[in-house]
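These notes are about the structure you will find just below.
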Amino acid sequence: MAGLYPLAPFLALAGGFLLAACQWLILVYAPTEATLGLPQKIFYLHLPLAWWGLFSFFLVFIASGAYLASRKRFWDVLAGAAAEIGLALAALALISGAIWAKTSWGLWWTWDARLTTTLVMCFIYAGYLVVRGMDMQPDRRARIAAVLGIVAFLDVPLVFFSARLWSYIHPPSISLEPEMKHTLVACIASFALLWLGLLLFRWRLAQDAINLEETTKERLMRRE
Amino acid sequence: MLKAALLIASKDLRLTMGRGSGLLQALLLGLLLIFVFSLSLTPGQRMSAQGAAAIFWMASAFCQVLIFSTLYGLEEINGQRQGLVLAPSPAQGVWLGKALAGLCLLVASQTLFLPATIVFLGQEISDLWRLGLAIVIIGDIGIVAIGSLLGALSQGQSARESLLSIVLFPLLAPLFLGGIRIGSAVFSGKLSEGADGWFGIALAFDAIFVASALALFPSVYNAEE
Amino acid sequence: MNSYEWILYAGIAVWSGLGLYLALLAHKQAGLSRRIKQLARLMEDER
Amino acid sequence: MLLQLRDIARFYGSRLVFKGVSLGVRRQSVTLLAGANGAGKSTLLKIMAGLIRPSAGDILMDDGKEAVSVGFLGHMTFLYPELSAMENLRFWAKLHRLALPLSSFEDMLERVDLSAFAGEKAKSFSRGMAQRLNLARVFLPRPALLLLDEPGTGLDTRSTAILHREIASAKADGAGIVWITHSLEDDIARADTVALLADRRLAFSGSVEDYKRRRGALPTSAIEARPDDVNTRMAGGGEPC
């Protein structure tokens, strides 16, 4: 991971450039969807956010499992970074989702299964970050966070299926014309670079915090 | 592991049933919640079946947070947690013991919440009550499975009840939705879509979280301060 | 509020959100690296 | 060798408690563990019990053969205030899978002079009575490895005699005992080996005879450990001693 860090600025630049291209794709290239009309275009922004938010939480799940298995601090740091980014992306997905719901159904919040799942995930991972923020022994906190990271992700499919069963509103499954599919894939792919850049940056921050702690520990040991 | 779990559960039940320290507090909180929500009704008005079911499950969840905070608090008085960790049986025995004790206390509390919901929120039981009984049992198993795991996690922290709630409630969302939908069917007598979907989710929930609690509990419950 | 404006607002909301988050991270990063340099200098004098 | 510690180190947050601690505990032996407040005696004992993980180094139980039954007596009494003395004793015995007749519980309470209070709730016990019940809890299962953290605190002279008698009989049964003490000079008569923690290292580890010979050369901070020196504990920010 350390080796990747110098790549971050290039990733961010490439990501930014690609996303600008995507804006053009969304507004000009993709045809306006027949039934929903223009607001449907928010979808091209909403979906990547939600998708990469979910992917971040999946990364937290994997990193938590790896931490419990190997007890290497690296995985704990990665889980923390991924969780924070995941929460930021999921929150933005919620906002864009609400705006999309407002334009297409006239009300800010619908019991659409995907939106509900994203909301519940935001609550779960906000709780996760609260636990990470508490001052305990680093390895105890890491172990508790790892357990939470695993349990939280296992809950996501259950939340999705129960929300879908719960909500009467089944959004009309819009048929995606080929150009729409290309735009969607382009948006999700270009978002990958931004996501990776974000993750590297946040991971770097967490790593610096640990370096600071380690050097103070080392200084103490040498002066004993 | 089972013998240790039963031993711990019986010890905990004897302690909490004692001078009503733990159980009474949790029970009063639940009943108070139901009563306070009944104030939202104009006299003679009846709450919707779904509203009443939601309040019943919310009272159960808050009560259960207090139950597990008390159950694990018992081990912090004179450092008994170290004794439990040193026991030859695996750590999961503690999780199972606390979960069993929590289940008994939760079911005991719910046998009071139900009449309170009927009286204060103006409901009556339809002939679908068997569904209600099933979802309560299955739901409670899931609640105590996670509650026991997370109850251990929040020990030794300040304001552990609130920490336990903010982490636990969103995780219980699938059970809440199922419990409320089936509960409102019990109160109203009609159920739009089939119940098997809900029971499928609830059983999956129990299976997933009993398994993950057994796998994860030892790394949460040890003597590290 | 025709739908065109909605897309604009959605875009603004999302991108300013991301920008804010990045700015917060950059700010924390600057603070941290400053303190690490300070510490390193301190340890140099003590050697 | 019942218990083998190799190059054990431990950090408390970012503070080093000790490092490079290697120590062996044989069966049928009493090892005295001494050191100033904050030297990390309790931390080392917890590592031996497997309660906490060392930051570095490793522990070998009974040369890796089968698991060793461990009796741990810490600063805490492990007592449930709402349970009676007998109920407390029976709970911990059953937890350690001991199927003992009622008579052996009564005998144990008799030996620690608590049989008159068998039915009394533990919350009404004095510090000395609670400590004696704690002794009963630890000695009853006859563990192979006995770890005692200042077992004498809160005991009057008569109870201290009970403690010494129990330690002697446990040793006679072949138990390996590690005993943290604040009064090294008085307890040395009952010990076989001595281990001294000072300046974050194991300052001395060897037989009682070696210790007596080299006593002059050892760092004084380790030997003149004053019991419960409150101000050092406060100055030390309350880290474990």
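Per-chain residue numbering starts at 1, and chain names A, B, C and D are given in the order in which the chains are listed.
By our rule, a residue touches a chain if its C-beta (ideal position, glycine included) is under 8 Å from a C-beta of that chain, and two chains touch if they have at least 3 such contacts.
Note that the structure is a prediction, hence the values are computed from the model and not measured.
Among the pairs A-B and A-D, the greater number of C-beta contacts is found at A-B. Each chain gets a centre from the mean of its Cα atoms; for chain A and chain D, those two points are 50 Å apart. Computed centre separation for the pair chain B/chain C is 41 angstrom, with centres defined by C-alpha atoms. A separation of 31 Å divides the Cα centre of chain A from that of chain B. Residues of chain B found to touch two or more other chains are 224. Along chain A, residues 137, 216 each make contact with two or more other chains. The full set of touching chain pairs reads A-B, A-C, A-D, B-D.
Those residues of chain D whose C-beta lies close enough to touch chain B in the complex are 46, 49-53, 67, 69-70, 72, 74-83, 91-92, 94-97. On chain B, the positions that touch chain D within their shared complex are 3-4, 7-8, 11, 14-15, 18-19, 74, 77-80, 82-89, 222-224.
Residues 146, 149, 153, 157, 163, 166-167, 169-171, 173-174, 177-178, 181, 193, 197-198, 201, 204-205, 208-209, 212, 216, 219-220, 224-225 of chain B are the ones that touch chain A when the two sit in their complex. Residues 68, 120, 123-124, 126-128, 130-131, 134, 136-137, 139-140, 143-144, 146-148, 150-152, 154-155, 158-159, 161-163, 165-166 of chain A are the ones that touch chain B when the two sit in their complex.
Those residues of chain C that touch chain A in the complex are listed here as 3-4, 6-7, 9-11, 13-14, 17-18, 21-22, 25, 28-29, 32-33, 35-36, 39-40, 42-43, 46.
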